[in-house]
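See structure below.
Just so it is clear, A, B, C and D label the chains in written order, and each chain counts residues from 1 on its own.
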Amino acid sequence: MEFTTDDLKALFHRLAARMAAERDALCALDGLVGDGDHGIAMEQGMVAADAAVAGADGSLQDLFNAGAKGFLNAVGASSGPLYATAFLRAGKVAGPRPAMPRDDLRQIIAAMRDGVAQRGKAAPGMKTMLDAWHPAAEAALGGAAPDAITAAARDGAEATRTMVAAIGRSERLGARSLGHLDPGAVSAAMVIEDICRALRGQG
Amino acid sequence: MEFTTDDLKALFHRLAARMAAERDALCALDGLVGDGDHGIAMEQGMVAADAAVAGADGSLQDLFNAGAKGFLNAVGASSGPLYATAFLRAGKVAGPRPAMPRDDLRQIIAAMRDGVAQRGKAAPGMKTMLDAWHPAAEAALGGAAPDAITAAARDGAEATRTMVAAIGRSERLGARSLGHLDPGAVSAAMVIEDICRALRGQG
Amino acid sequence: MTLPTQKLINDGNAAVDEMLAGILAAHPDHLFRPADAPRAIVARHGPRPGKVALVIGGGSGHEPTFLGFVGKGLADAAAIGNVFASPPPQPAVDAALAAQGGAGVLFMYGNYAGDVMNFDMASELLEMEGVEARTVLTTDDIASHTDRAKRRGVAGNVFIFKAAGAAADLMLPLDEVERIARHANARTCTMGVALSSCSLPQTRRPSFDLPVGEMEIGMGIHGEPGVRRGPLRPADEVVDEIMDALLAEMGAARGDRVAVLVNSLGATPLMELYILNARVAQRLDQAGLGVHRTLVGPYCTSLDMAGASITLMHLDDELTRLIDHPCDCAMFRHG
Amino acid sequence: MTLPTQKLINDGNAAVDEMLAGILAAHPDHLFRPADAPRAIVARHGPRPGKVALVIGGGSGHEPTFLGFVGKGLADAAAIGNVFASPPPQPAVDAALAAQGGAGVLFMYGNYAGDVMNFDMASELLEMEGVEARTVLTTDDIASHTDRAKRRGVAGNVFIFKAAGAAADLMLPLDEVERIARHANARTCTMGVALSSCSLPQTRRPSFDLPVGEMEIGMGIHGEPGVRRGPLRPADEVVDEIMDALLAEMGAARGDRVAVLVNSLGATPLMELYILNARVAQRLDQAGLGVHRTLVGPYCTSLDMAGASITLMHLDDELTRLIDHPCDCAMFRHG
C-alpha cells in the first residue's frame, strides 16, 4: 500500500489537529526558555499548511511545496523557515509522483532533518528541534521500526533537558536553560510520531 | 484646668498618629466610593499640621492657623481646604489666647463644622464628613457629655451608609454609593473623638 | 492579605517630587520650575506679555496629563497635586504668577470637588494680587452624570485644553479664550472602561476589587466606580457600547467631523488601543462622520490601571482650526 | 488554573490584523499598505528615487516599535509579524519593493534567530528581483550575552533606527547608511527589568511565572528570561544596577554626551519612568556625562508587561547630527 497524495493530505490534517491540541502545552514550555509562542506558531503553521495542501492539486512534491509556503507565510518566526525548508526538502525526495512506497517516508524524515539543519545552521546538541529530528533521521535511515524512530525522536527531545542552549532565542539563557525541554524539539517529536504512523501504514 | 497651647500641640500630635494608624483602613473605604486616597490625605495633612503646630509659637489661634496652612499645603484634595477652613474657624474661636477653658472646645467643634459647611457648600445628608461634624456640633452646643458628642459623630458617620452621595467624588455613583460609609465622615468621627478626649480633660 | 503591587518607585510619599525631578531632567528645553515653587511647572516658551495664561492642573497619576501638555501653543503652566489629589491653592497661584502676561489667567481642570475648592481659593488669592483669574471646568465624562455640569473631566481634557491653549496662543483676549474653552468642553464627550484597579504608590494595594472576567463601565480616572460592572466583553462590543452612548450624547449630523482620542488608562498597550480604534473608525464611518484627527495612546491615565477610554470632539470650523494649531509640549507635539 | 488575563481584544488570532486596521485608520496621512501586501506598512512621505530604503520589522507586540517609526526621516517601511514572531519573508519583500528607490535596501531588525532566517530569505528573493539588500542587526541588550554580536536587539532600536533613517533621508549611499547603522548600534546599550509577565493575545495566560515581590533583571522584550531573578528593589537601586552595567559597557569619557531612553515595557506608567529618570540623570551627572536628549515613555514594549529598560547611546558629532535630524512618524516625531 503506497503513500498517496490523499495520505499526505491526511497527514497534514492530523498534524494541524495535533498542534492545535498541544498549543497551550507548547506555549508553556516556550514560556520557560523562550517567548511563549511556540504552540501558536506550530498550530498556525500546520493549520495553514493543511489548508494549502487540502486545496492543492498535483504530485506529492506539489503538495509539500504548498504546505511549505502555507506554513511559512502564516508563521514566520523560527519555526516558519525551518519547517518550510523541511517540507521543501521532503518534496524534493517525494518528487513529482502521485504516490510513493511508504518506506520512502524514511528519506522524507531525513530530508526534513537536512532542511532544518541547513536553514537553522544548528548542530545536534545545541538544544533545538534538530535534537529530535537528527536521531529520528538516523534511526529512519538505519532501518529502525517506526516505533523506534518515534522513540528516538522523543528521547532526543527529552535529552534537551540536559543541554545548555547554544542557538536561538534561549541561547542567552546560558545555564538557566538547563533542566527545561526545548519546545521545538518536543513539537518535532510529535510531528515525527505522526509521520511514523504513516510509515507504519496507519494513516 | 485650661486647654493650653501645649494641649493643642498634643492634640495635633495625637491626630497625626491616629491618622497614620488608620491610613490604610481609610484608603480602603475611599476605594469603595472614591479614589482610594483619603487615608493618605488625612495622614499627610495631620502630620504636616502637627509639624507646623509643633514648630509654631504664639496663641491658640496662631497654632490653629499654622495647622491650617500646614494641612492645606501638604494635601490639597478635598480634605485640605475643608480642614484648613475648619482650623481657621477654630482659631477664630480660640482667639489670641494662650489658653482657654476646656469647655470652649465645644465652640471649636461647632466652628469646625461651620468651616467645613462653608467651604464644601454641602448640607447634612449629602454623605460627606459634614454628616459627622454636624451632629457632633449640635451635641456639643447642646451641652452633651464628651462621650455623647463622640457617639453622635460616630452615629453620623455610620448613618452615611444609608445615604446616597449628593456631592463630592462619590456623587456620580448614585445608588451604588448606598451601603458604603463615607470615608471623610469616618475620619471626622476620629478627629472629633480626640477633641472630646481633650474636652474630657484627658489630653 | 493581598501582596503589594509591583512598582518601580522608592518612597511612595516622595513619588510625585521624584517624578517632577525626572521630568525637569528630561525636558529642560520645554519646562522649568520657578524658584520656591516646587509644585508649579511652567513652559519655557509660550508665556509672554499680553497673552492670556492658560494654567491647568490637578492631581498626579494621570501623566502625561497635566504637565505633559504644558508648552508653546497649549498650556502655559500646571499646578501639580499629590497622587489623585488636587493641588493646594499655592502651586496654582505660583503657576499663574509665573505664567501670566497681564492679560489674565484661565484656570482649567477637571470638575472634582477638591479641585474646585483649591482652585477657587487660588483665584481669590490672585484677585488680591490684582490678577484676574477665570475658571473653566472640564466635564466630558458622559458616564459620570446625566447633568453635564456635574460630570467629571477626564481624557477629553487633551482636546479641550488644546483648543483653549491655541486660542490663547493666538493672543485672543480672556473673554474669547474662556468662551472657546467652554465651547470646546461642551462639544467633547468621553467614556471609559477599566479592566483592573490602579494602586497608589503609598498603599501599593489595589484601590478597589475588580475580579478577573469583569470590567467596570464608565470608570473615572481615579478609580472611582463607574456606572456599572459587567462581564469583560470582546473589544468590538465594548467599543459599541461606548460609541452608542457617545454618538447619542453628541447628536452630530451626517457629514460632521470629529477628533478622536483612544486613550489608555495606563497599563493597556497600543495593540489593544488600535484594535479599539479599528472599530471606532467603522462606527464613525457608519454614522457618516468624518475623522479629522485620531490620537491613540496613554494621554490621560490612572496610574497603572488597565483600561481605555474613547473621546470624541465634535468639530466645527473654529475648533478644527484650533485643534490644528501647532503646539510643542514635552509630551505632546503637533504641527 | 490561572484565569485568562484581562485584554481589550476580539479574537487573539486576529489581533495583529485588527491592530493594523486601527493604525491605518488613525494615521492615513503617515502610513499606507500596498495593494496585496497585508503585512507591509509604508511611509506616505519619505521613500523617493535615489534614496536608500530603510526597512525595519519584526514581531508585533512591541508597539510603537516597529511601525510607529515608519515615516519621513526615519524608516521607509516595516514588515509586520505575528505577535512575538518574525514576519515571514514575503512582507519584508513587499515592504522593500514598495519603499525602494533604486539605491538599495537596508534591512534593520533585532538579532533573533527567527528574524535572521526570514529576512535572509527575503534578501535572497530581492536579489532575484535585482534589488540589493543589506542587513544590520541591532544588538543593544547588554544583558543578553557577553559577545556583542550575539546580543538581542531591544529598545535601543529607537536610536539606532533613527540614526540610520536620518542618514538615508540625507540621501547618503547604501555603504554609508550601512556604516552609520553599524556605528549607531555599536554605541547603543540597553538593559531592562520586568516586574510582571506579559501574556499573548492567543493564550491570555502569563507567558511565565514571576512571583510578586520579585523582578527579572535583564529581561528581553518577548518575556525571554533575563540574567537573573531577584527581589524587587527600590527604583534607585534598580537604576543603579542597570547604570553600573551600562556605564561599564559603554566606557565613555567624562565630558562625553549621551542620548537617553527610559522605556516602559508596556504596563509601567510615566510616573515610574520619570522616577527612574531622576536617578538616571543623577548617575550621568556623577559620571560627568552630558545628556543631549532624553526620551521617556513606551517606545519598545512587550505587550502588557510591567517593567522598564534604560538605553544610552554614546554620541559623537555624527550621531548627534543624525539624532537631531527631523523625523515625522505616526508615533514618533522630532524636530
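The rule we apply is simple: a residue touches a chain if its C-beta (ideal position, glycine included) is under 8 Å from a C-beta of that chain, and two chains touch if they have at least 3 such contacts.
Since we're looking at a predicted model, the values are computed, not measured.
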In the chain contact graph, what is the shortest path length, in steps, from subunit B to subunit D? 2
Determine the centre-to-centre distance between subunit A and subunit D, using the mean Cα coordinates as centres, and give it in whole Å. 31
Euclidean distance of C-alpha centroids - subunit A vs subunit C, Å: 53
Whole-Å distance, subunit A centre to subunit B centre, using C-alpha means? 72
In angstrom, rounded to a whole number, how far apart do the mean CA points of subunit C and subunit D lie? 28
Graph class of chain-chain contacts, one of line, ring, star, complete, other: line
Mind listing each pair of touching chains for me? A-D, B-C, C-D
Which stretch or stretches of subunit B touch subunit C in the complex? 23-24, 27-28, 30-37, 39-41, 44, 72-82, 119-120, 167-173, 176
Show which residues of subunit C lie in contact with subunit D when the two form their complex. 3-11, 15-16, 18-23, 25-27, 60-61, 63-64, 68, 193, 195-196, 201, 212-213, 215, 232, 234-236, 238, 260, 262, 266-281, 291, 294-298, 301, 303-304, 306-308, 331, 333
Help me check something: in the complex, which residues belonging to subunit C touch subunit B? 13, 59, 81-90, 112-114, 117-118, 121, 144-145, 150-152, 197-198, 200, 202-203, 205-208, 220, 222-225
